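Each chain carries a letter (A, B, C, D and E) given by its place in the written order, and its residues are counted from 1.
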Amino acid sequence: MRRFLYVAGLPVLLLLGWFVLSSGSENFYAPPLRDILRAFVDTWTPERLRADVLPSLVRLFAGYVLAALLGVALGVAIGLNRRLRATVEPVLEFFRAIPPPVLVPVIMLFAGIGDGMKVIVIVFGCVWPILLNTVEGVRAVDGVQLDTAKAYGVRGAARIRTVILPSASPQIAAGLRQALSIAIILMVISEMFAASNGLGFTIVQFQRSFAIPEMWSGIILLGLLGFALSLLFRLAEGRALRWYHGLRDAQRRS
Amino acid sequence: MLEVQGLRKVYSSGGREVEALRDLTFTVENGDLVCLVGPSGCGKTTLLRCIAGLLQQTGGTVTLDGHQVSGPPPGLAMVFQEYGRSLFPWMSVRDNVSLPLKQKRVPRQRRDELVDKALAAVGLAGTESAYPWQLSGGMQQRVAIARAVAYEPSTLLMDEPFAAVDAQTRADLEDLVRSLWQRLNVTVLFITHDIDEAVYLGRRVIMLSSSPTVVQDEITVDLPAERDQLHTRADPRFTELRTHVYEQIQKAKRLSR
Amino acid sequence: MSSRSRGTALLGLAGLGGLLLVIELLPRLGLVDDAYLPPTSEIAAALADELGTAAFWQAVGDTLTGWAIGLLIAVAAGVVVGIVVGAVPVLRAATASTIEFLRPIPSVALIPLAVLLYGTDLGSVLLLVVYASFWQVLVQVLYGVADVDPIADETARSFRFSGWARVRHVLWPTALPYVFTGIRLAASVALVLAVTAELVIGAPGLGKLIAVAQTSGAVPDMYALIAVTGLLGVAINLAARVFERRSLSWHQSVRGEVPA
Amino acid sequence: SGDGGGGTDSNGVDQVKVGVIPIVDVAPIYLGQQKGFFSNRKINLTMESGQGGAAIVPGVVSGQFQFGFSNFTSLLIAQTKDVPIKAVSAGVSSVGEQGKDFGGVVVNANSPIKTAADLAGKKISVNTLKNIGDTTVRESVRKAGGDPSKINFVEMPFPNAPAALAGGQVDASWLVEPQLSEAKAAGARLVASNFVDAAPNLSVAAYFTSTKLQGEDADLVKRFTEAINESLAYADAHPDEVRAVLGTYTKIDEKTRAAMILPKWPAEINEASVQTLADLGAKDGIFDGKTPDLAKLLP
Amino acid sequence: MLEVQGLRKVYSSGGREVEALRDLTFTVENGDLVCLVGPSGCGKTTLLRCIAGLLQQTGGTVTLDGHQVSGPPPGLAMVFQEYGRSLFPWMSVRDNVSLPLKQKRVPRQRRDELVDKALAAVGLAGTESAYPWQLSGGMQQRVAIARAVAYEPSTLLMDEPFAAVDAQTRADLEDLVRSLWQRLNVTVLFITHDIDEAVYLGRRVIMLSSSPTVVQDEITVDLPAERDQLHTRADPRFTELRTHVYEQIQKAKRLSR
């Protein structure tokens, strides 16, 4: 009950505030929440969800998983090797600073215009927080822990699996969490190019065709989607990092 | 055989230069049990890390069985002074102890056996599934010891391994180390602050001077190989030896002032 | 030390050089059509032309202004909100769902709103930049605050540190490495958003130049401008790194004694 | 006048912001500014360039911009959604000659597609879906006897389309200048002039303002309309000056500027052709079943 | 006066329930010096944390001067068993020691004086500008001690504070604690595993049973108030007392088996 209050309290307040403040809105681009909610019900029918949201989710999932694998793998390599880090860091920073909308055409040159391109765009955008956090997490592994592993001949893959990754995992989790919402954002951006379905595409279409309440309802759907995914993420994180949360909570009043 | 030749180590980080070890030379025969004593901050941990190949020395050499040490040699186990930080908080006690064995590709069954035995030997049977941070300081230290013991190393380096346990447990653990040493013919290097412990445990005791560190003195403990807590400590020769060591350390500290 | 950092710089240059070489070779070997991805040399020539124009420098200035102000606001807000929310469990519980809801809303979806409020003024760019980069900092700070070593915190509590002192002396240094990662993430997201906003809304800056080059089919110019964006990113990261090394000299990731 | 960027200074000169897309179509307004057609009428013009309607229409509605430039299909869609805007003058028109228009559908030189009818069932890129591009291309196919319902349109910005076409990612591309010349130079072949197929002398785009400004400052709107009409006429008569002014706000290189086909800039909106666009849009279902009310939109 | 009444603490984390303290009752007069001894893992650290108000007990009460403890009371200083982690790695030694003083709003000059004196007293003059991680284990522990000493607390809680220092330094630090206690009339609660140390230092020694923990026994150390390392330890009464304590602990351990 209390948890529910925490989860729902603030959003309900904000929605109420929005509802009341917007109820008399004359502004074409900021319609009353009432209209938006009505549009929400009308727009996001099960067929619509299947036709537009499902493909988006599939691409999102594929891109996110790929980015996670790539980010962690690269991050470990870069974090462990100072020379490698020095060599590739500027190149990575270079690409990181390029806005995806201008990069999409280049990606299109190599990856075509199908789902592959969209997945690559998602990977390209959301790999950075994972990569950066992994690098920093790996670099911050406790020296005594590393020495212990070394002394006992724990090396190679086992060292990475049993020492480095777990130790860096809280920070990797931070990166994964950041990446999740960026992946959603990139899903939308990727669907602005060469798409003919998808949630992002639909929202942009609504915007272009001046279906403003529908557009807002799409944005709300994005938010809900992000919220649902982050709940799932929190669940997974809670399981994977049980030791960490336990350790952190251990001495706090129990 | 372990040979330390003119070992020197200077730490330089952030403008601060500390000569932790100036010039250390000594040898340890295979299967020997050597205790190292010396004032706090004299470089004992530094020495152990160099021997384990975890730290690059500034000068001199460390050779083990004729090979120059550049990384941790196989069959080496180490109990770190920072026992708390040397346990992996994301693994249960059992996993912490068995991880090195897994690395050594000890078959599963034998592994479980070794782990159970080692944990029982340090008085921790029943805590296998706990995480290290659910244990008291002394218990954590004993997990670290159990890990080293279960590994059945050929060289065992221990850095103040009994600092956090009570007197009774300490006595038990001393006997555990001696029995392990006798049973497996391990080469043991043991750092302690407790002079009685050094004399009780060691076949030799090496005394280090305070910083900048050299070997101050060295004795062979000519007590019988079969020792026990009651009789050995009552032996007049024991008292003689411990007084000698005590005086040397006093001298080392005085010199440095 | 200095020879080491020189080595780092050389390796970094080698990395960038490798990238340039690849881009030179791809079209030269006919792997891609040079009408769509021109070789490095042509991009460099276009870049040289651009460097000579005042409009270019004006645009760089505009972009950097939007970036810097936006980033500053985002970092300040992210750090303050992050610490307050992270340090007060009740707040954390109460805001978590709202934060998760707002975070994945793409800045691009806010473009109409931005234009509505600010037209093509700096305000539009700032709105998008701040919105996007704020979350980057916030999430990092939240994780950083959660990473405080319980023993360190207990030490502070046992000496009856005031709330502020605990934040200042325990929470903040622990969270600092996370904050730096957050700032570095935010810095490039801010740059990306500043350029994107200019690109789509048409606020003055590099993005607008890119848009013009793009619609005009001036491909080498477009890549030259994109390269400038990327190089800005590299420069920003470099500055952040130096700053980070200074402030985190005590941290494991920086001190790491060279092992054997 | 307007509340956002606009305003009137002490000399009675109005500050006017116009949201435009920096392409060939809006050359007249730049030319007119150069020629002083606006300052004559006490209008100090600032061009704000955005990428497409996403930024321009809200800007005009909220008064951040006083005027904007948009294609008619978008304006018709806006009208069916009761967006408070109104066209004030013509913007740009098709050349009206088969094969010589400033926009068209191209395929690769070796493509099996020979005529518009062959486009049925193919993948065609347009800059925005459910807009003027796909409705008019469908009409081309329809007129050539193909089945327009089978076309698979994908959305792709004009600048990226030639690469996608050359790379075989799409079968055909609907392009406008300068990409059209560029693609043709690279060997692409024109198979349809969709604007010409849709209607004779099709009015493609218009300048528009918000109904609010129309009501509050009719004088400014009138002066702007006069100035833009003068500009359109001047541009239509002086193609060389148009090609020159293009160099000031775009990066189209000189060779392309010289070679490319310029659109027509009649001062009058061809209302019949706008009606055709409305009919085509209705046929393709882009108005969600509503019928645009031309009287409300056109000046 | 510190009163511990029926204190009980059960840890429950992740399905594991451990009754660390079952039922502890004892009182400590203001200005008393009490040593706590007990087997490893019996709950000494847990007890200290409850007294410091850092841990919420499961049952019973802790009152200090009539007020129930719910958070760290003013004027309290604590030396943690995990000395390494209780120092802030981002601060120099000097800053680590002086920060609590700053919190107490001690004027700058006085602060510097206290810090210098405390560091000198633990033998660390000259390391002010080093970071904790540049120091040896024993040195780190002494920094933590210096921090508590410089604070001039009215209640001092120490959890095995000398575990990592050599015998000679340990003797010096013991005398430091006694002199501080006499000079400032501090209430000291001191956990140690070294029975000699407990008897040498304390005015009282409380012995805890092994888990689940109750007070096993308690003695008042009736040695003269003026103690010194040589004579006090040679005193037959000293030997008597330490033997008593030793036996009690032996008994505690045996009972638990």
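Assume a contact is a pair of C-beta atoms (placed from the backbone, for glycine too) under 8 Å apart; a residue touches a chain by one contact, two chains touch by 3 or more.
On a predicted model such as this, the values are computed, not experimentally measured, just so you know.
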Which chain lies the greatest distance away from chain E when centres are computed from Cα atoms alone? D
Can you name the chain that lies farthest from chain B, using the mean of each chain's Cα atoms as its centre? D
Counting C-beta pairs in contact, pick out the pair of chains that comes out on top. A-C
As a quick test, compute the distance in whole Å between the mean CA positions of chain C and chain D. 36
From the mean C-alpha coordinate of chain A to that of chain C, what's the distance rounded to whole Å? 17
Taking each chain's centre as the mean of its CA atoms, how far is chain C from chain E in angstrom? 48
Averaging over Cα atoms per chain, report the distance between chain B and chain E in Å. 26
Which positions in chain C touch two or more other chains at once? 36, 112, 116, 151, 154, 199-200, 214, 251, 255, 257, 259
Shared-interface residues of chain E (touching two or more other chains) are 11, 13-14, 49, 54, 82, 85, 131
Check each residue of chain A and list the ones that touch at least two other chains. 27, 29, 105, 109, 142, 147, 150, 192, 207, 246-247, 250-251
In the complex, chain E touches chain B at residues 11, 13-14, 16, 18, 37-46, 81-82, 84-85, 123, 129-131, 134-139, 142, 160, 163-170, 193-195, 246, 249-250, 253
Touching chain A in the complex: which residues of chain C? 7-9, 11-16, 18-19, 32, 36-37, 93-98, 100-109, 112-113, 116, 132, 135-136, 139-140, 143, 146-148, 150-151, 154, 177-178, 180-181, 184-185, 188, 191-193, 195-196, 199-200, 207, 210, 214, 222, 226, 229-234, 236-238, 251-253, 256-257, 259
Residue ranges of chain C in contact with chain D within the complex: 33, 35-36, 111-112, 115-121, 199-202, 208, 211-218, 221
Residue ranges of chain A touching chain C (in the complex, touch as defined): 3, 6-11, 14, 27, 29-30, 82-83, 86-91, 93-103, 105-106, 109-110, 128-129, 132-133, 136, 139-143, 146-147, 150, 170-171, 173-174, 177-178, 180-181, 184-185, 188-189, 192, 200, 203, 207, 215, 218-219, 222-227, 229-231, 247-248, 250-252
Contacts from chain A onto chain B in the complex sit at residues 142, 144-145, 147-148, 150-155, 158, 162-163, 166-167, 169, 243-244, 246-247, 250
